[in-house]
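Before anything else, here is the set of structures, which you'll find just below.
Two complexes follow with subunit A in common, the first pairing it with subunit B and the second with subunit C.
Right after this comes the complex of A and B.
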């Protein structure tokens, strides 16, 4: 237990340094950016005096170092500033968009893991069979298809041609849908949530699924060739237990690592997928802020994603150390 | 009185690879007697390990045991299997002819396997004690006639209170570790394989092989990866266990010194076939096959450290079916080879009048006269006259 706490403490301290790096970098991006936010915010016929006034209001006339210290102390207090565009607190806007992105990323993750790991095991166990060659083909397609293209094609086929699922939008969040179901016994919210989730989930999760499938298949194949699997078979261990304790457990280390690393990728990938499906999440918010050089908003989103990434990696290292006793928590 | 525990007849194991068919073991026949140590020696790639694994039914695709009978002495099982007349002969059961489930339980309980590389034969993510206890548990469940289904698996995986290994099995695993002279066995049982030294891990492997009180121990190169001093300890332990438990040992090795130390009989393997088999002192002192003679000649001796070492020219043939030399597979490397050798593939035949010493060589007599080696020493146990060949004996 002490080892675990020391590990978490040290990794969190390292994580703080990383997040500080992210804060500094995105701040520098803004400083070197050639666009003048005051110009963008001002009406087209604004006088130079007005623009200067806006610059002063935004604090852009201060020395860069002062701006940096001011921003950093704000971040430390949980204040990410105000949006240039809407003049609302950045944090509130992010918190509003976050559930959409988290739901989508989680759904894509669940879809990818649930589809890839069983398929990977089956493929490895029946190597060279039809199920193996089919899965391999699908995974090759999966890793080589850009998600925006897949998203557009699915919308065209499933929503436009077949008219089965909605093309875009997120009319209701999971929490609201569940509240509706539980307190008013109204399943329509949940049905609508599911219907709107399906295509974005597949679009975002397919690459991830294909990747995990290959890792699982290769890992299981490698484990199946290990002598300790043979030895376990020789001592009469039931095949199902052998597959779980000797093969799956040992082949999961790379799967867990990549899952953690790709979680960041899922959030990043959601930028494109959210745009295609007009999904009100962090990705859409980021693109919109980018178009109008809303720097505080972009900074806030990047810091949040960076912090999430750091936390995920700590979790992954922790899980790996639990799976593999040769890995020491350090 | 010694009696056969295992009678192997025409065991043939092949691997069907992309490069072609590999005849790893080609029609090997031998008997293993109660309480004896039979050494199988040969160069790398001669099919020794595949022979051992074939007995354990541990041949995996692309390999397969394509032919042969493996008669195991088990009066109880023979009585149970009266409805399978093909698989039963007197007190013997043909392990190859019974159902896979019976075969698995037989191999798991009656045969214990000691693998060459203990570091590779233990799962790195489970403690050593846990893995030995698994073997104990498998045996206990088998004895109770329990099956292990998916529901058992789910319970063991999902419920922290449930586990495959019972506390009794774990205690027995600790006892087994103590039995193989591992100091502080209770503490070491909770350690992982990477925390063990090579020699200690090999002892743990032996403990695991003993979990089911096996009748036969198959030791596949048990000392190869170890220091010489540790090798001696392992061999001593095996010898001790043989005496204590009465188990027979099939010792697969290329270390002739180890063979001379503990083997009652020695079988020499070359290119997937037994080329000579007999009491160890006979094989070492009067090798009848030019190959055996070559093997012994390639060893340094203590008697005369300056004596030249004579290597066997050439290499073991590739065991790919279409690249095997015709006739005797040793003929291309054999100093005594004649045209006759490439024309016929010799069978194991008794050497002169001694039926316990057999050799597969048409020039056996010449070789036996010429060959001699001083490796086998006088400390070898006297060898009982082996029981008659299977088929000649009336089983009761």
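Right after this comes the complex of A and C.
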């Protein structure tokens, strides 16, 4: 237990340094950026006086060091500033977009894991069979298909042609949908949530699913070729026990590592999928902010995503160590 | 069925088939429908509508903090001005019922009595006075984005509870324009604004309009419900939702699936998909956006009138509008648009004459020059396509080499309105709309303005002549005389080739046949006057 606490304390301290680095880097990006947010915020026919006034209101006329100190102290107090474009708190805007992205990333992760791991195991167990060759084909398609193309094609086929699922949007979040179900016995919210989740989830999770399938299949095949498996079989250990207790556990380390790292990638990769499905998430918000040089918003998102990556990595290392005793908590 | 709309008036393709298939479903309030499963388009009983803007949603619902069209499309459901315009651009009463000049520097507006605010109370002259001061005076609450749209008004005097005088220094012919523009004077409740913080005023509304704001997430969506005590015609829909979706294929798919009723900026490539649908139509109207090439006269070769004229002769506007824009545009001949006061109908566009263009290039002494035509990707309809075509025409001249420089919007915006460094960008295509319906505003804002134009940056007889004519028009009370002055300015602008005149952009919409809505010249996607189709 002591080892775990030391590990967590050390990694969290490292994480704080990394996040500070992210904060500083994105701040410096803003400073060296050639765009003047005041100019972009002002109407096209604004007078120079109005632009100057906006610059003052934004604090852009202060020395850079002062701006940095104000910003850093704000971040430490949970204040990410105000959006240049909407003049509303960045944190509030991010908190609106965050659940959408997290739900989508989590759903894509669940879809990918649930589809890939059983398929990977089956494929390895029945190597060379039809299951194996079909799974390999699907996997090849998954890694080769750009997610934006898949997204557009699914919308055209499933939503526009067949009229089975909605084309886009996120009219209700999971929490609200569950609240409706639990407190008002109204399943419509959850039905709507599921209907709107299916296509974006598949679009975002397909590549990841194919990747995990390959890792699982290769991992299981590698383990199956080892001597301890032969010995266990020789001793008469039941095949199911051998597979799930020993082979799968030993082959999961790279899968867990990649899964953890890809969760961050899913958040980043959701930008395109969010755009196609008009999904009000962090990716859409970031691109929008980038287009109008809304630096406080971009800084807020990058800090949040950076912190998310750090926490995910710590979690992955921790889980890996628990799965595989050869990996030490150090 | 082939699309046949466009031209000088709104063209709507009404296609065979009845309104009647799946409806939009139960909207839980948000960015899109919840229940529609799509597949057929069209709605049966239209009590709720969803309108999709092609940009992001409104960034604020405080009209004084935004001078953008998307935000105005949203806010004009709740906030109103003293006057407004109908879809054709005619000025019609709104919160004011009568308006007239008392003396050269004093314009009187008599307010409608009994107008209720959404959160209770009655509109008074004090609200109007406060609203105008909030726009023009930096010391009243905010520095408003709308200062440039409320021209020449120096103060507001209250005559009585329902009468205000707008005070100017001398004759101000732009007062009615400011009062009628959705980017001009929007009236807010003084007591409500003063008793709330800026964040509340930016995200909540207390207006007098036909719809009351129910839910708003900046840059995402806004949901309205009817305001039963509205002074005008009762609102026709139980719920109106505005959502911003920048991805065009998503907008089109939503319309085709019957999830929304109106989408903005239908890409020409998707026109047939919508037009061929039994329950949908394509409708269009010339917009207030004039697409032009800006030439920086502070540097060579643009300081040469002959070279600027050559560019205008070199481009075959009709051909690229027909083939590249698929007909969604009209060749422009001058800075003003046909719908504007002061437009000169006697001016023909520059003809396509590459030989004359090549001769003029030789005359200018810049034969062999290499130029670059820049633009911000995504700012104009089919911009990459038509800019490439325009550059191609110029490049076809035997004595000019022209290439295209694609820029992201942020970089383009900075180079256009801030940086002004001709080494980085001295020739660029841009679209600019001014919903004032007055040519003088176009001259001021984009010909003479040093910030967004370039022609005004260098002193010249032509610049002074245009400026004098525009100034003189502002001081002239007689409408015909004023119009003649602005038309004279247009003649000089064309002769001087102040721009590379390109085209008037057309606004193209996809619409559910069950929704009776008329597109406007000023591009505002308001629900005013719209109803379920009969």
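Please note the rule applied: the second predicted complex is superposed on the first by the 330 of 330 C-alpha atoms of A that agree within 3 Å, B and C clash if a C-alpha of one lies under 4 Å from a C-alpha of the other, contacts with A are read in each partner's own complex, and residues count from 1 in each chain.
Here is the rule we go by: a contact is a pair of C-beta atoms (placed from the backbone, for glycine too) under 8 Å apart; a residue touches a chain by one contact, two chains touch by 3 or more.
Model, not experiment: these values are computed from the prediction.
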| item | value |
| --- | --- |
| Combined model on subunit A: subunit C and subunit B, fit or clash | fit |
| Subunit B versus subunit C as contact partner of A:114, first or second or both or neither | neither |
| Touching partner for A:237 - first (subunit B), second (subunit C), both, neither | first |
| Touched partner set for A:57, first subunit B, second subunit C, both or neither | second |
| Partner chain in contact with A:169 - subunit B first, subunit C second, else both or neither | second |
| Which of subunit B and subunit C A:69 touches, first, second, both or neither | neither |
| Which partner reaches more residues of subunit A (counting touched residues only), subunit B or subunit C | C |
| A:246 touches, of subunit B and subunit C: first, second, both or neither? | first |
| Distance of closest approach, subunit C and subunit B, by C-alpha atoms in Å | 38 |
| Interface residues, subunit A side, partner subunit C - complex | 34-36, 39-40, 42-48, 50, 53-54, 57, 83, 85-89, 93, 96, 152, 155-156, 159-172, 176, 188-189, 192, 195-196, 275-278, 280, 285, 288, 290-293 |
| Touching residues (chain side subunit C, partner subunit A) in the complex | 22, 26-40, 56, 59-60, 65, 67, 138, 143, 145-149, 198-199, 202-203, 217-220, 243, 245-247, 249-250, 253-254, 256-257, 259, 408-411, 413-414, 417-419, 432, 444-446, 449, 451-452 |
| Subunit A to subunit B touching residues, read off their complex | 226-228, 230-238, 240-241, 244-246, 249-250, 323-326 |
| Partner subunit A, residues of subunit B touching it in the complex | 53, 56, 58, 60, 104-105, 107-109, 111, 113, 115, 117, 120-126, 131, 134-135, 138-139, 142, 148-150, 152-153, 156-157, 164, 192, 194, 208, 211-212 |
